[in-house]
Each structure stands twice: as structure tokens, then as C-alpha cells.
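By written order: A, B and C. Residues from 1 in each chain.
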């Protein structure tokens, strides 16, 4: 059912195929070939590609909200970070007594702050199933409460953009506080195991990449199914003529809320997959700039296509890796220029430009 | 009791009136768009609203459909349904639907999809997510496509239709919703003569089955469909009657032609 | 007749004015001679005669007398053996650095052996202290007198109390009088009989001083065995009542202080938001680079200070127009180069201007380094206005409050009174109509944007006086200033003012209970909830056009 009509959607099919190939070949090459072989991918590359895949998922989640629903959410990074923190909490509990202070239950930073017992919201996170549930529930709940308030009172356009930015900014400030119980400034790090396996080992890294790839593919297929459903058409209609949709008898706020929450859950999953691959989560993930970067991924790739966001996320992040390695000060110039050029010259992004161009030549 | 019992969810029109507006006032920053306006629409009636610009015609429609809250007055749908307690989707679902002055179809969706969205069915989020068209519904869409003469354009994006075709698509979307009250704002603006005639025919054929309120500036069109005409002026009802009566009313002439 | 008498009067006044300096000069010469004489007496006097010599010296009306007496008290007054002159020495590595006792002329350094110390006994020291205190109490400058009173208050004895009591009769300055009464009152409370102590408590009740609070607290405390330190119940009760009344006033001071801090934070917010209120409110353009335009203003201040390091005040005065021009021109460039192509697409404008903000940040980082630059504050802006022990207001924040109101008033006048203001309002209300009336909307857009950006630059100058100047300066304020504009109601300058001040005060009110960060979060959450309730802000623009 998820694969219906893929034949007629060549670009989507090829993006799916490429994703499948990456999530299979990269980890296998890393595990099967010797380090001196030309086909070998280093552990660094594996983690990097895994990271890109989680970013692609994050970008796609924003595309659902922005590209289809017309809500320019400047706080998508907040849901990503929340998912990441939930995963981080699980990984912290996995450390057990191997921390610097050797406390069997309390993570190092709590011992350091002289806390005597685990805060109530840390209980149960040594169980993977609970963490996995919370990865989608926590961002989903926040999105629900926030979206319910915002959409019901018809906050739209730039106002909504700005309060989503304020939301992530407020969360950043909150997570910087030690009293929040999430490690303050330093966040959560020094992870050892995931599901009992060493998080640093090649096999686990390969599995994490594969998991990211599979999650992305599934999320893409499900999102595509959603977009192709009548709900997808209602949402597109909301983007173009919100008032009109209301007069057709649809409760617009509920539709927006559904998409917003769904996207937040996807972003949470992306964050949860991101954290074990980079080994740290800290409050800077909540910074408004991070969320804005997500917007540029989607804008560069082309919004309203799902795969555009994926291509954009990978391209921009590849550029970021290259540029920050080569000359860090260039990166912000590049990012700034990307924002300006894409909005002024390429409103449909690179893929839109690519798709439209041959047509224009024909005419 | 001589009147038949009411089914659940049905609009109570046992007194023959489907829409009651009483003493409705709306003001924007001191400007009175509607001023103690009272208006009653009979069940199955086709009513034309005319009046110069700024008379309050569009504001009146905004009040009925829940877009604008009046400062005072009451608006009832049948005997029992207080429209002022409901928001736009609830009013639409209750059976009052509206065609806008400026055609506002969903340009990126196809003609068929536009009609599909308007289809009267469960419009909840989950129902919509898993919605699949059944045979009757598909048939209904085809039927409306035929009525509005857009069968050949079914899978084209609505954005590339001509102005007149967009007007028809809007009317088609109204039909899909199977409303009890249709509010039709300037249905024939930008239509060719033939299209105007067909619109008149369509509206006349719906009369009796549905209550229709038409706002129109094209007097010839109004004359061709009108039973009763209400003239609005400065937010209040100036006069009401047949087209002939209204046209010969000196006050109406003064309003339209000035002093 | 009248003209004559006027001429006569002015002639007399002129004569007096011309004579004044000569009179002063004559006095000065006389006291200089007396000073010299007294110094040589002191030099030659035996230990027994020194007391008299000191009295003689103290009688001379000359500002340096206090310096010499102070040196004598501290054992730094020497007789330079070679020249036989009195010098004041200051210990340095090679011995002593010397200055002439009479003329303050620098005499280079000398070894200890080249000099003979003018020694004083403990008795003499005591009288020296008193003399110095009295001399300072007679100083013309009220601030010096106040300092002297406070110095005496640190270690009171019977003599100094008598001195203060005598001086109180002569003292004209209210501040000094108050300080003396405080010391006398505290003393009376310590040593007086019951009636005197009760009177002292009644008197001290009105003094906002830490000493009073401490002393009164001492009266009502219990010692380790649970007994009251103060045996007299009546005194204790009065002390408690006095404490209660003082505490009530302290709360008032605390409230005033919170209000002031809130207003000054509000002023910063208003300054940051007011330019945005123009670009966002009047033009509907979201300018995410607004914070960076403020940053440019702050860096302009830094550069003007580097260019003219000797005159801080002037550099600040020059920085204000310079920042206005630089940020304003940058704003016009942004509008003409980018935003012009994006009218009617607010979300795209938001993204493009965000790109500009990154660009500007990195440019500044590349030119000035990523480190914070500190901008010096002129003297008249540093320090605080100490109203009493519990309430002091910092000058820089006070001036920023004033500055903010000035900028606001000026902007209001520009929009109300000038041709540009008229055109701006016309374009804001109905762009097409304005165009039809022949208003060059493109030029008005550019100028409006320039005006808003220029004000951002001016806000940056103000910010440079209270925070560090760095590439991230703008980012800190951007979310806040959007909140202010949105809270106040888009397109309403008064709304921006009210919103800025209320958010500033709300922030400072919450801070004592919640801490700075949590207060900020609470305010943000409040605004998020507020926008849900009133999406158009405190003072919404109403009307038919807005409804559509």
C-alpha cells in the first residue's frame, strides 16, 4: 500500500532507491572491507552519513509542515532536540556505574550537582521501550499543546513563525539551566552502550546508520501516503486558501495540528537517531539558528516534494562539512548567501529549478 | 400537534422560515457596516440581494457564515440553531454554504479534487486521512462535473481554468456540499452571456429544494431569476418586494442614482 | 534718569567684578605666608611644642594643610636634612619619593638616611585626627564634609561626638546634617538613658541606613541562651516597631529599584524594537537582520572611540549620527537589493533577511575578530546615583531611559510632522492609492526601511554602553524585540512603547522569584499565550482592511 503509484513518480522512486542503497552499502563496506581497501568507508564517514540521514528526516518533517501546510515553523529543531534528549537520557542510564563518580544510578552531572536521587522524570528511562515511546510522545505532546493553542486562535504567517522561534529559544534557555536536570550547559554525553552493545564499535555504528536509513525510508513512504490521501489535499488547500477550507466545513486547526504533531514526532525520531551517532546532546541544539538551518535545507532542495528536503539536507550539510573543515569563516557567508539566493532566485529550490527548466526550453 | 415531529439534526423550518436575522449590527472602527438589519429567508426561497457598494451585502454573508461576529442582534438557522454560537466549519457542516465574490478555488488541486474536498461527508481529520471514494460519491462528483460543464477538465489544475470556469467550479463545490442554504456572491461576474443564462437556469432548478441567497450587480440576471428582491442601503433593509416593485420604488432610485 | 541710574549701577558692578581677583589674590598671599611660617615652626619645634605648632598650622586656611597633617599623622612627614625643608615621603623601592610639603613640587627620591622623621606621640595623634576631621568639616565642598563625617562615624569617641554636635549647628547641607544626626542618634541609642534611647529610636526610624538596621536588629535579637540581648522591654518594643516601619520603607525602595531596573530594561527593549516597529509594523516586512543593524551601530561606537580615544563624550556624540547613517544606508541597501523583490511574500522576506543577518555577523567577525570589544563609558555615565544605603540608580541605565524616550519622541514627530512621515503612513494604509496619488512608493519604502534601520543603529550605540560589543549582540535582542512589537500590536508605535516597558518591568518583577533565565522563559511563554488570545497585540489596528 505504501508503494502504490511509485512507478509514476520517477524522482521519488530514485530517491528511495538511493537511500536504500546508501543504508545498505555504506555499512557493509565498512564492515566487510579492510581499512586499506578503496571500497572501505571509515567509521567517521559512516557516522557522518548516518548524521546526514537523520538531518534528511528532520528536513522532511519540516517540509510536511512548511511545504504542504504553509506553516513556516522556525522551531522544528526543538522537537529534534527533545527526541535527542530522550535518547540521551536512555543512554545516560545505560552508563550505570561506569561514570566518573561510579554512582550506579545517578548520572555524573547529578552527582556533581550533589543531587541525592533521580528526579521523577528520569525514572524508567533505563528501559528502552519506554525511551522509544517517549521519543515520539514528548515532541508530539509539546507540538500538540503548542499547536492546539496556536492554531485554535488562528495565529498564522509570520506571527506563527516568530512564536515558534520564541518556543525553541525559551527551551534553549531552560535546558541551559542546571536545575532542569538535563546536564545544563554540557548536556548529556560520555555514552557507553546502546541496547547492551558498545556504542563506539563499528558494528553498532553501521547498525545505527542502517536504522537511520530505514527510518527515513519508512517515514518518507508514510508521509507520501499521507500527502496523497484526502488529508494531504485538505492540507494543501489550507496552505493556499485557508478561509475557503473552513467554509467547506473542515476544522482547519485540527488538520494543521495533526500535521504539526506528526512532523514533530518524525523530528523527534530523527533527533533520537542523531544523538548516539554524534555522542552528545546539549542545549545548543535548541538554538534558533539550528532550526533556521533546517529551513534552508528545505528551501534549497525545494519544498512541497518531500524528497526535495532530503536532497537539500544532504547537499547543504555536505557543503557545511566541506566548508567548516576548509575555512570555517566561509560557512556563514555561504549559509547567508544561500538564504538570499534561494528565496530571491530559486523559490522552488534546486529540484524545482531542475524540473521546470527543461519545460521552459521546450516552450 | 399539526406540525410533523423533527428528526435529530434536522433544521426546524416548520414555520416556513429557514434563516432569521434580527437587529443585526456590525461596526468597524465606528463605521456601521450593518445597522439593525432584520431579514427573513423562507425555506426553499430564492432571494436576491441588491444594493450599492458598501451597502453591507458581503458583511451580511460574513455574519451568516460565521466569519464576522455581529456587535448585537441574533441570527438563527431554522427555529433552534443559533448561528452566533458556531464557527465557520460548524455552520458549513450544518448546511449553510457560500460561494465567494472572488472565485477562490484551490488552484494547485485538480478540478476533480476541488469537488472531492467539497463533498458532503465526514470531515474529521482521521476520517479524511483514510477516506476513499465509494461508488455513489464518485458518481455524485461525475454528475456535478457534468452539471457545471467541466467533465473534460476534471484532472486539470483549477488554477488554469478561465474566470467563468472557476465561477462554475465554485458553484459545483457548493452543489457538492448539498447545503440547505446557499449564499452566492456575484455568481455571474466575468461570465459570457451564455454562461450567465446557464447559471440562471441552474439556480432556478435548485429553487424549492434549497434556499438560495444571491448577491448580484447584474440587474438583468437578477430580473431573470428573482422572486423577491431585498435592497440594502447603508447596512439596513431599504425595501423588499418583487423586481418590478423594487425598481419603481423612488427611494431605490434615489439610492442608486443619487440626489 | 532711568538710563543714568542704570549706567551707574552697571559701572559699580563692573568695578566690583574687576576688583574680585585682586582681593582673592591678596588673601591667598597672606595665607601662603602663614602656611610657610607654621610649617617652619613645626620643623623646629621640640616634641613638647609640636602640639602648639600643629594648632597653628591647623588655623591656616589653605587646602594643603590637611595633606600635611594627614602625612604627619601617618608618619610620612620628614625634614630633608640637606635642604632643611619639610617634605612628604612615599615609600618606593629605592627609598622615598619626595614632594615638597608646602608647594607639592616633586623632589625626586631620597634614601631614608637623608631625612629625619617628624615624630608624634599618641596624644598628638588623637588631636591630629580631630583637627583633620574638623578641617575637613570646614571644607567648602559638601561631598568632602560628608566623607569626613562618615570617616568620623567609623570610630566615634567623646571628642569627635562633641565636634559633630558643634558642627551640626553650622552645617547647611541637608545630606551632611542627616549623616551627623545618624551618628549622633546611633551613639545616643548606645549610651543614653532610657528616655534618650527611645527618642533616638524615634529619630532613627526615618533614616534608611544599614547601620540603623543592624543596630536595631541587635536590640531585638536573642543571644545563644535564648535571652534578649536588650533587657529593657520598652526599648525592645520600640525597636521592633521602628524595624517594621523601616522594613516597610525598604520594601518601597526595593519596589522603586525594581521599577527602575524594569524601566531601563524596557528602554533597551523599546530602543531595539522601535525600528522594527517601523519596518515590520508600517511596511509589513520582517527584518531578521534588525539585530545586526544594531550591532553595526554598536561597532560604530567602538570605531569612533578608537579614532578619538581622548574625548569619550564627543566620540559618543559623533557615534549617534554616524551609527544612524551607517545602519540606515545598510538598511536601504538591503531593501533595494533584496526585500524589494519579495514584497507580498513575508515568509521569504524573513528567510532572505536572515541570510543577510548571517552575512553581516560573519563580516563583522572577520573584520573585528569574534571576541567581544569593550566600549568605554564616559565618566558622567558611569557610577550610580546613591539615594541612600538601600537605593542607588546607575547612571548609564538612567541615561538610556532618557535617550529612549527622546528617540521615541523624535520618531513620533518625524512620522507626524514631516512629508516623509505622511508618505510613509499613506503607503502603509493603502499602497495602491498612494501610488495613484503620485507618491513614489519605491523611494518611500527605501527611506522607511532606512529610517527603521538607522534607529536600530542608534539603539546599538545605546547598547554599547551597557553590554559588550560582539558579533552576536544582535541575536540576543532579535527575539525579544519581535516579541515587543507583536505584543504591542503591529503598526502601533505607542503599543511598542507600552509593551517594551511592561515586558521590561514584568521581567524584573519575576527575576527575584524565578531567577533571570526562568523569568525570561516565563515572559516568553506569557507572550506566546497572549498572542493566542489576542493575535493582534495589545493595541490592534482595526478596520475593514485588516479583517480581510
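As a working rule, a contact is a pair of C-beta atoms (placed from the backbone, for glycine too) under 8 Å apart; a residue touches a chain by one contact, two chains touch by 3 or more.
Small disclaimer: the values here were computed from a predicted structure and weren't measured.
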Notebook entry, point to check: Chain with the smallest distance from its CA centroid to the overall CA centroid?
Noted result: A
Check: Taking mean CA positions as centres, which chain lies farthest from chain B?
Finding: C
Notebook entry, point to check: Counting in whole Å, what is the centre-to-centre distance of chain A and chain B, each centre being its mean C-alpha position?
Noted result: 45
Notebook entry, point to check: Cα centroid separation between chain A and chain C, in whole Å?
Noted result: 48
Item checked: Distance between chain centroids, defined by C-alpha means - chain B, chain C (Å) -> 67
Check: What are the residues of chain C that contact at least two other chains?
Finding: none
Next item on the list: Note which residues of chain B are touching chain A in the complex, please.
Entry: 65, 67, 87-89, 92-93, 97-98, 100, 104-109, 113, 116-118, 123-125, 128-131, 173, 177
Next item on the list: Flag every residue of chain A that touches chain C in the complex, lowest number first.
Entry: 72, 146, 149-150, 152-155, 157-159, 161-163, 165-167, 169-170, 173-174, 176-177, 288-289, 292, 295-296, 299, 329, 332-333, 335-340, 342-344, 347
Check: If you look only at chain A, which of its residues touch chain B in the complex?
Finding: 226, 229-231, 233-234, 236-237, 240-241, 243-252, 254-255, 258
Notebook entry, point to check: Hey, which residues of chain C end up touching chain A in the complex?
Noted result: 286, 338, 341-342, 346-352, 354-359, 361-362, 365-366, 475, 479, 482-483, 486, 517-518, 520-521, 524-525, 527-529, 531-533, 535
